[in-house]
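Next come two complexes, and both contain chain A; in the first it sits with chain B, in the second with chain C.
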Partner chain A sequence: MITSRHEDDALVIAGQRFDSRLLTGTGKFSDWRTMADAILASGSGLVTVALRRVDLGDPADSMMSHLSPSAYRILPNTSGARDAGEAVRIARLARAAGGFDWIKLEVTPEPNYMLPDPVETLKAAEMLVKDGFTVLPYINADPMLARRLEEAGCATVMPLGAPIGTSRGLRTRDQIGIIIEQSFVPVVVDAGLGLPSHAAEAMEMGADACLVNTAIAIADDPVRMARAFAAGVRAGREAFLAGHGGTSRLAQPSSPESGHVRGD
Partner chain B sequence: MKVVINSQTVEVPAGSTIESILAGRGIALDHTAVERNGEILDPTMYGSAVSEGDEIVVVRFVGGG
Partner chain C sequence: MAALADRIDSTTGEQVRRALAMERPGPKEVAALVSPASRAFLPEIERRARQVTLHRFGRVVQLFAPLYLSNRCTNRCAYCGFAADSDIRRADLTPVRALENARILHEQGFRHVLLVTGEDPAYYGAGDIEAVVRVVSDLFHSISIEVFPMSAQDYAHLAAAGVDGLTLYQETYDLATYAAVHLGGRKRSYEHRLEAMEHGGGAGFRTLGIGALLGLSFWRTEAVVLAMHAAYLSRRFWRSRVALSFPRLVDAGRGFPVAHPVSDDDLSHMMCALRLALPDAEMVVSTREPAWLRDRLVGLAVTRMSAGSRTSPDGYITSGAGQQFSVLDDRTPAQVADMLALAGYDPVFKDLDRALRAR
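And now, the complex of A and B:
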């Protein structure tokens, strides 16, 4: 049997293998059932959740009973953190609440664009790594920051394509290219991916994975969109592994240039 | 006795525990974490009595990206 050298193409983060290179989130779905079905349709092995105070006046149904931690790993985020101290507090509470020691670190003090604070993110990452967490930091597409976070012991770097929830695609393409070129940990493009073609583009460039939440959750048919993103990620990955043949300014005929029917 | 839970001041009977307070409000304890006066509580402490003025924070997981 002919086997591809890339047949075993698992994503490996901190020694853990994932068959899918699509990570998904649990926010903004219209109902739990749709969320659960979309996650399964995505094939994702790593699924983000947030931590919030319980509303005493409305202690609604807990989301966790609708998730399947046996089918995928739960990745709490530190959303809402405005500085390193708040991020560390949220991470420790998430570990206490669910025993989860992987954390998606996000520190976004500015409300309009929710761009991550690089100084506080690095500070929090250092504290969390020291505290035994496996840290996956959400960052702007800054190659130097990515390097510093890698040196601090982070398991991945997760540069944004565009601000959270904007669906504007790979606006940071060139910078993400540098991060991919230089990184020794998996590069997960997170935030701003609005269409499967955006995810495919990131994967074609050599990103290791993509994280998508809003674009799936707010689609008219989230389950179908989850499948579409899974296909986009797979297509992009396959194209990256296949090796792009390059571009040319002038036309390059794909049919023979001799033996024409006209006789020359 | 007054305690503060998630920034709300509430009256609870003397001898109340985290467990009894949350159960009385219909809040399940699975996948929940509790801070008392800034310290994360080990679940084995949920049965111990709270004190007047304690500041309690109860959190759990919600959808997020």
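And now, the complex of A and C:
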């Protein structure tokens, strides 16, 4: 029901509720304290962590010690995996070492633009779903791939707005629009969102959530930027729920002229 | 090379401005960006480099340590402390002794290591290196090698044993200079060395490290060819990340004159120009450089640094064996990490996982 959606607008992924529609990452920060403060300020409840950066076997690992598992759902990612085999291996490591069974699937064999490999991503997703993981795959904004991943049992699809770390905004806007239109699972726009307005734009289109890392981490004031993104995501979501009237190239008077009595 | 040097030298300020106006200057623009005319634009080049580095890599710098396994060498490179005719104490590490050195690095916090040897494969070959890789494997999440040119098969074996990075400097891309300073041994062949990087790319190493030994030839021309080499490797071996190193010739006690000195500003200029053309390349600065300069280069272009380096075999336990070069930044790894933190950078000791390394 529309009313309940207004009153209770939680993001639900694989049956779990999140109050915030902003997901955050942990890379590129100058120090763990700043990272932790920024994530807190973002209001995010789902935080992704690169397994290649942490030592899950070490309870004193400095990054993990700054992220309370009671405050956040930690979403390990397979960053660094170049094929399905490596992604599956690292996901299993996360489960064995830390009991993590949600995984952000990233298979990016090309180290420069770090674009996800669709073939290996689908292959890995099928294996991980079969293994009982809740899989959130990072993909290029490819509607067909999104459908195939949904069919494979993925919990979300996470299309990129622009190559990771570029802050170029919604360069894949039209394709993301198709994915939003066709998906039954939450669509999380991931990568390339450099400004809160980019995140707002994605949410206005009907994306279910945004994931932001670089733009927050490299800001002069990451905590403030995290708040700005949270506000951008909320604003875009509110506009979507409010049923915005879209945009037009033609001027439209804000006081309708039709029906006015004209004097002759 | 002469034609290239002419093109660089005759670059106008307008051409530099045009290169800088591009959203993404490519390797073709490096000639303009390192030209004498570009020196007037250095503040702008540095500003752009800082911005690109921050965007692509964030506020982090990776730390690693070299582990010298052998200083035996059959080459006669006029500039190198390990040269066959250099009067130094030779030494090489057994796997057990290498492990003892590796444990010290591990205790210092290192999880990325670079294994280094000279070139004497009959005495210390691919099999010896592989034996070391296997015994130190559990201590490190990333193992790179900077050894001698190998066959595709040897590289494949090492990759399978868990080596994820290959570094092999061409030393100079100027053929005449190359011939003049490489006086004996297998290294006399420019092509043999260049081809080895192809074999390494084919073996699937995650990182392919290249560089020119700065001071041998003109740095501006070296920068242009280095950028072309890097761009080629990225395109051909698209699964590998290219890493660029910028070793400047330092005195190895052989009285070798530096024919083309590279100033601190030149070094910074070269790194920043290449950063604009190769935004995703790792850039490495070693302890050959003084502390103050390394600190300055952080943030501009550098993404990886060695720290606490000992440049002789067994150097983390004993001294006495001949070293390749003398270290100018002798701060401990902890001191370098503190410097990075103070400068607003996260010192990263682990940026790979052995689960991603093992085949």
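In this section, the second predicted complex is superposed on the first by the 235 of 264 C-alpha atoms of A that agree within 3 Å, B and C clash if a C-alpha of one lies under 4 Å from a C-alpha of the other, contacts with A are read in each partner's own complex, and residues count from 1 in each chain.
By definition in this document, contacts are C-beta pairs under 8 Å (C-beta built on N, C-alpha and C of every residue); 3 or more make two chains touch, one makes a residue touch a chain.
What you are looking at is a predicted structure, and each value in this text was computed from that prediction instead of being measured.
Chemist: Would you mind checking whether chain B and chain C clash or fit side by side on chain A after the superposition?
Modeler: Chain B and chain C clash in the superposed model.
Chemist: Examine A:214 and indicate which partner it touches, taking first as chain B and second as chain C; both and neither are also allowed.
Modeler: After superposition on chain A, A:214 lies in contact with both partners, chain B and chain C.
Chemist: Check whether A:93 is in contact with chain B, with chain C, with both or with neither, and answer first, second, both or neither.
Modeler: Both: A:93 reaches chain B and chain C.
Chemist: With the two complexes superposed on chain A, say which partner A:27 touches: chain B (first), chain C (second), both, or neither.
Modeler: both
Chemist: Examine A:48 and indicate which partner it touches, taking first as chain B and second as chain C; both and neither are also allowed.
Modeler: The first partner, chain B, only.
Chemist: What is the contact status of A:9 with respect to chain B (first) and chain C (second): first, second, both, or neither?
Modeler: A:9 sits against neither chain B nor chain C.
Chemist: Which partner does A:151 reach: the first (chain B), the second (chain C), both, or neither?
Modeler: Neither partner.
Chemist: State whether A:166 touches chain B only (first), chain C only (second), both chains, or neither.
Modeler: Only chain C; A:166 stays clear of chain B.
Chemist: Per the contact definition in the header, classify A:19: touching chain B only (first), chain C only (second), both, or neither.
Modeler: neither
Chemist: Tell me which region of chain C runs into chain B after superposition, given the options 57-65, 129-137 or 219-227.
Modeler: The segment of chain C occupying space taken by chain B is 129-137.
Chemist: Which residues would you name on chain A as touching chain B in one complex and chain C in the other?
Modeler: Touching chain B in the first complex and chain C in the second, residues 27-29, 51-55, 93, 165, 214 of chain A appear in both lists.
Chemist: Note which residues of chain A are touching chain C in the complex, please.
Modeler: 27-32, 51-55, 80-82, 86, 89-90, 93, 109-113, 165-167, 214, 217-218
Chemist: Can you list the residues on chain B that touch chain A in the complex?
Modeler: 5-8, 10, 25-28, 30-35, 40-41, 57-65
Chemist: Contact residues on chain A for chain B in the complex?
Modeler: 25-29, 35, 48-56, 59, 62-64, 74, 76-77, 79, 92-94, 96-98, 164-165, 191, 211, 213-214
Chemist: Contact residues on chain C for chain A in the complex?
Modeler: 54-60, 141, 206, 234, 238-241, 279-280, 341, 344-346, 348, 350-353, 355-356
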